[in-house]
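There are two complexes below, and they share chain A, which is joined by chain B in the first and by chain C in the second.
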Partner chain A sequence: MTDTTPQMTDTGPMGLRLKSAMPWLCAALLLLILPQIFSANATITLMNQMAITIIFALAYNMLLGQGGMLSFGHAVFMGLGGVFAVHVMSYVEAFGAPLPLPLLPLFGGFAGLLLACVIGSFSTRQAGTVFAMISLGVGELIAACSLIFVTFFGGETGVSADRTYGLPVFGVEFLRQSEVYYLIAAWLLLSVFLMYLYTRTPMGRMANAVRDNPERAEFLGYSARWVRFYSFIFSGFFAGIAGGLFALNYEIMTSESMSLVQSGKILLITFLGGMGYFVGPIIGAIVFTLLTTVLGRYTELSALYVGTVFVLTVMYCPRGLAGLLMMHEPAYRLGKLRRLVAPYLKVLIPVLVATLGCAALFEMLFHVRHAPPGDHEMRLYWVTFDSHSPIAWGIVIGVTLLAIMTTRALIPHIKDAWHDANTIDKGAS
Partner chain B sequence: MTHALDISGLKKSYGKAEIIRGVDLHITKGERHAIIGPNGAGKSTLFNLITRRMAPSAGKVHLHGQDLNGLVPCKINRMGLSRSFQISNIFPRMSVFENIRCALLWSMGFRYSFWSLVDRSKPLTEAADAIIEQINLTSRRNIPAGVLSYAEQRALEIGLTIAGGADVVMLDEPTAGMSNTETDYIVELIRKVTVDKTLVMVEHDMGVVFGLADRISVLVYGKIIATGTPEEIRANPTVQEAYLGTAIKAEQ
Partner chain C sequence: MDLLLVNLIDGLVTGLLLFMLSAGLTLIFSMMGVLNFAHASFYMLGAYFGYQISLYMGFWMALVCAPVIVGFLGAVVERYGLRRVHQHGHVAELIFTFGLALLIEEAVQFFWGKSQVPFMPPQALDFALFSIAGNAVPAYKVFMIFVAIAIFAGLLFVLTKTRIGMIIQAALSFPRTVEALGHNVPLIFMCVFGVGTALAAVAGVIAGPVLGTFPGMAFALGSIVFVTIVVGGLGSLSGALYASLLIGWITTFAASYDVGLADILNAIGVDQPLDMRNSPWRDFWSITLSQVGPILPYLLMVLTLIFRPHGLFRKGGL
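Up next is the complex of A and B:
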């Protein structure tokens, strides 16, 4: 189920090359033109953040999805990579070392790799709970170290440097946000490509094998521990690359970047996107970053909504958003995907109303509890009203309930449409 | 004479219960050796001790003259000993093809390679497909191993075991639960793939045992009570009394 990459051995060599190169060319093109479409500085910052999160999430999934190792402390690899990259940047700034800025993330990567070699040497002995507990302990330990070794980690304020003091590359000094964007985009493409290739190497295949059945892998000549170790250090390397890019983008690393909160966040992102698919973490990173940024702009309750989305994902589509998309593959292959469009659109409206209604109730409750006394006026969905008025509450509750009931009434239709789209037509084939 | 496997004084106890009570067994290179015995005699445990799935309480095992003491299963496998399991031990979420390919990786020299791509290796793909053809699963090539039928999973189990081309092959009840035609097919397959190799197998089907084995050992209650050619074993009065009488009666 997990390995969704199609078998490419049957097509001829030319067909194979073109077919497998297409997604990468499209991605490269998209990355090139995105800043032309969204040229606002804020949007570019958002895209940079997204790209960094994608690399980190994919690196994390080398452990969780590909290798079956649940880590609660993976942010330390990204954090250490970032801190190291900041120090390299300061060094360049102070001594004028001839280091082109685009190579900076490599230093982050090697810092992550080195730390992973040390930690992996004992933590990869077993998978499962033991591994998870060690990762948690080590994560806490290093996060604590970042407050103790102040000269290296910078303590509470963190360490910072200025990226523009490095060598200009082809006249580019990385003063502008869009220049940084292209640098990050190039690293994103390269990292994703390398991590994808890794899944197609003997080590990548055996990582899956060890995840599924470590004992059998042992009896086929592979040491489960070494296989896990390799996955671990490569994951550490790419997490470090993400850290290096983070340092380059923000020019500051604080101890917060290696905290348990960050480690938890990347687990959430990977799970949300779907850890069983290579593209899962990419989807997760994009959706999560968008969600938190957009919500953060409009509400103070964004953590509540993100948490709700996560719980709903775990409960109703444990294979994540990528799994939700892949569910439609059989219908697509039958050429009947179009038959789902109308039913989906029909249910979309009540679902949207119900969601917005629930959110409105939370917002109103929050306003009633936390607005300064006497301030009854609140603005929501472009409407200004009295948050204490029973009429407002009545309307919102009524509309929400109605939307929920409509949604429930539509579920059988969706089920029928789904069944119809996934069965071969009689007489058609 | 060189022995493929030398087992001497092998013992295993769980707490006070002694399951293997001193086994001595010498298996010649190139022979097909069957181990028979009643349920619970310790046949699977003996396999587990030889392949270091678990450590023995006492005794020694030599593979091609080399002591296996302190070695882990993957090292033993690399020395040319491969085994199957009584309860299918496969990679359920991976396709049949992927299963077999994983079994080929080490023996085809890929080791811990992260610089070569599996899809690009034609010899690897061809070797895997050849094995799948042999175990009759070509039509199931691309479906997850976990959804195969019981008999198909048993065939895959054998495929995983023989894929690496080990020169000592140990099969734990390879035909258990198979229909007659399936059994015949698997026996032919075993015969074919173990030419010039050493085979040690646990088997309950006496037809299979007497048809395939060069020598037979009878394990009863953790001890080998007789070893010999099929004719010797059939004629052995102790074996008749302890096991074979009932087993042959059950066959009829």
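Up next is the complex of A and C:
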């Protein structure tokens, strides 16, 4: 696990400020103009979902990537934060307390923090497998409790509230999806910024140290346990904020939101994006949300594809998508990134064809096995054909094999190009 | 009293079934130092393969063939998947098996659909062997008990009395030394992994007809198996046996004795308020043992990890 956040450089105070503020300004600008470009309601809902997932994934990575603690039950913090936020919402609605809606996620955050304090007090004593197992057990316990204590958690139907209660904030009543978007975007920016700052504090650095070598950290006079505990409660806090935003966005929390499935999903997202990098979970959340939504629209097998991508990622690029991007840093420094474009494009076509071909084979097999008897007609990639005909199978298998063979033949070229882009030219100084 | 006996037998069946899974899992853990999340998925694969084979060749062939196929699959996974991921550390391995579990569940849904498949116990065992005060005990349950005991005895014999077992045990604790003595340790690990998954598949073929063969079966049992080996002490075979039986009995008894928390509180003199409709504590009063039964193993695991991190039945270190 490498941490490749840029090192502090000793430029003047003004230069440092401007340079490090640039990405944040860009992100803020992007968040501002995105709903202008994609103004459809469905897209804004998707972006809201993405933003919430980003906060949750970053909070999770505080444990996994930065603290070295693998948790299988992190969804309970988000779930509890959300449920608490819903209760605050309905309380405010019923008794008319003067609480502006934008502050609501804070309550979710504090609920997450509180729960993390309780659980962390015993679970952070050890890292590794013991911690993972305790998190699994506690996760299952609380998920089961959410079905037993129906008054608080709402059981399977969940608890719901109305976000358009009471007083409008500066004339905004949060009736429309886009208004909620801006609120979530503001919280997204704030939380990401705070979580980034956390990685720069001595506390965040110590979390890395404890992850890498707890014994040595102890010899330096730090208590590994307390460092883990603080990482844990901050992570719980931000997961709670994500839960509060979730409650605000959907106005309902069900017991499903704290199940093991959700905890597994966030692990998947974080790993897919790359847990060794701060931006990893952000990339993971965006890619995963897009992938599931887009695939889910076109195929019944989206979960199978996502699972395959996940297993392949673990096997072939364990540093995730962010790691894949970072691999190009040396080439970029040498100014030779452009030389990779042509070979990449060349290999992209057969890879794309092979992927689509494999997907087509899956879809056809699925159709043959599960379509109602007598229904032989299927539609794939805008072509309608008979899923039982040997010709269709022959064509798809042939094209896929051809694409795979072409890809294999191109691998040496890619390797050469990669080597070329990562070595200093002989003529250069 | 009769109910007690029936529950004892039911709990024994559940416990021994758990043991068939946890035995393989705990062996794999002591070998690679990683918990195999996909272990219950191999159990599910065993059930599905068993079902598919039994359609063509009958139950008994399925009981023989399915574990062989699944064991082979497990060996392939170890050789080409886990060994590759191993170099990236334990977290990557754990995450890999987690992803594999997801993938296997999706693959099973892909081939067999989302609903339960009609996997039936064999005709030859479909009768009541004896009955305890009117509660019939099916012959199939007794068959399950005998298979599990036979497996345990076989495993114990191979591990402690044969040369192969000695080499495996040595390879688990001192892989380097065993390698230096001329044994192929990676091959041993691959075989242990294969045998472990094959054991899980045997459990799958046997349990499939009783507990139902559906895509969620791995998920339903998977975390309980984890709990079992953690409670029993990671890497300890006898601990796994005790823990399996303990958890089997706990869940069975909790499911059949319907004691409510209200009864207990009333018994010690705390009175239930009369009007409970709007009280925030109303769920608290209506908790019953059968409701909390499924989560008792998790509670046991968390308590074990807090107070005896090396397992309930273990004295030494991890």
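Following the convention adopted for this analysis, the second predicted complex is superposed on the first by the 427 of 429 C-alpha atoms of A that agree within 3 Å, B and C clash if a C-alpha of one lies under 4 Å from a C-alpha of the other, contacts with A are read in each partner's own complex, and residues count from 1 in each chain.
Heads up, the rule we're going with is that a contact is a pair of C-beta atoms (placed from the backbone, for glycine too) under 8 Å apart; a residue touches a chain by one contact, two chains touch by 3 or more.
Here the structure is a predicted model, which means the values were calculated and not measured.
*Asks:* Determine, for the superposed arrangement built on chain A, whether chain B and chain C clash or fit.
*Replies:* fit
*Asks:* Touch test for A:Gly204: chain B only (first), chain C only (second), both, or neither?
*Replies:* first
*Asks:* May I ask you to decide whether A:Ala342 touches chain B, chain C, both, or neither, giving the answer as first, second, both or neither?
*Replies:* In the superposition, A:Ala342 touches no partner, neither chain B nor chain C.
*Asks:* Taking CA centres after the superposition, what's the angle at chain A between the directions to chain B and chain C, given in steps of 10 degrees?
*Replies:* 80
*Asks:* Just chain B (first), just chain C (second), both, or neither: which does A:Gly264 touch?
*Replies:* second
*Asks:* So which one touches more of the residues on chain A, chain B or chain C?
*Replies:* More residues of chain A are touched by C.
*Asks:* According to the stated criteria, A:Arg216 is in contact with first (chain B), second (chain C), both, or neither; which is it?
*Replies:* A:Arg216: touches chain B, not chain C.
*Asks:* Can A:Leu32 be said to touch chain B (first), chain C (second), both, or neither?
*Replies:* neither
*Asks:* Tell me which partner A:Met405 touches in the superposition: chain B (first), chain C (second), both or neither.
*Replies:* Touch partners of A:Met405: none, neither chain B nor chain C.
*Asks:* What is the contact status of A:Ala132 with respect to chain B (first) and chain C (second): first, second, both, or neither?
*Replies:* A:Ala132 contacts chain C only, not chain B.
*Asks:* Report, in whole Å, the shortest distance between any C-alpha atom of chain B and any C-alpha atom of chain C after the two complexes are superposed.
*Replies:* 12
*Asks:* Touching chain C in the complex: which residues of chain A?
*Replies:* Result: residues 64, 68, 70, 122, 126, 128-130, 132-134, 136-138, 140-141, 144-145, 148-152, 260, 264, 267-268, 271, 301, 303-304, 307-308, 310-311, 314-315, 318, 362, 365-366, 369-370 of chain A touch chain C.
*Asks:* Contact residues on chain B for chain A in the complex?
*Replies:* 51, 53, 72-74, 77-78, 82-83, 89-95, 97-98, 101-103, 105-107, 110-119, 125, 142, 144, 160, 164
*Asks:* Can you name the residues of chain A that touch chain B in the complex?
*Replies:* Against chain B, the touching part of chain A is residues 1-3, 7-9, 197-198, 200-206, 208-209, 212-213, 215-224, 226-227, 230, 234.
*Asks:* Applying the document's contact rule, which stretches of chain C touch chain A when the two form their complex?
*Replies:* It is residues 35, 81, 84-85, 88, 90-92, 94-96, 98-100, 102-103, 106-107, 109-111, 113, 219, 223, 226-227, 230, 234, 280, 282-284, 287, 291-292, 294-295, 298-299, 301-302, 305-306, 309 of chain C that touch chain A.
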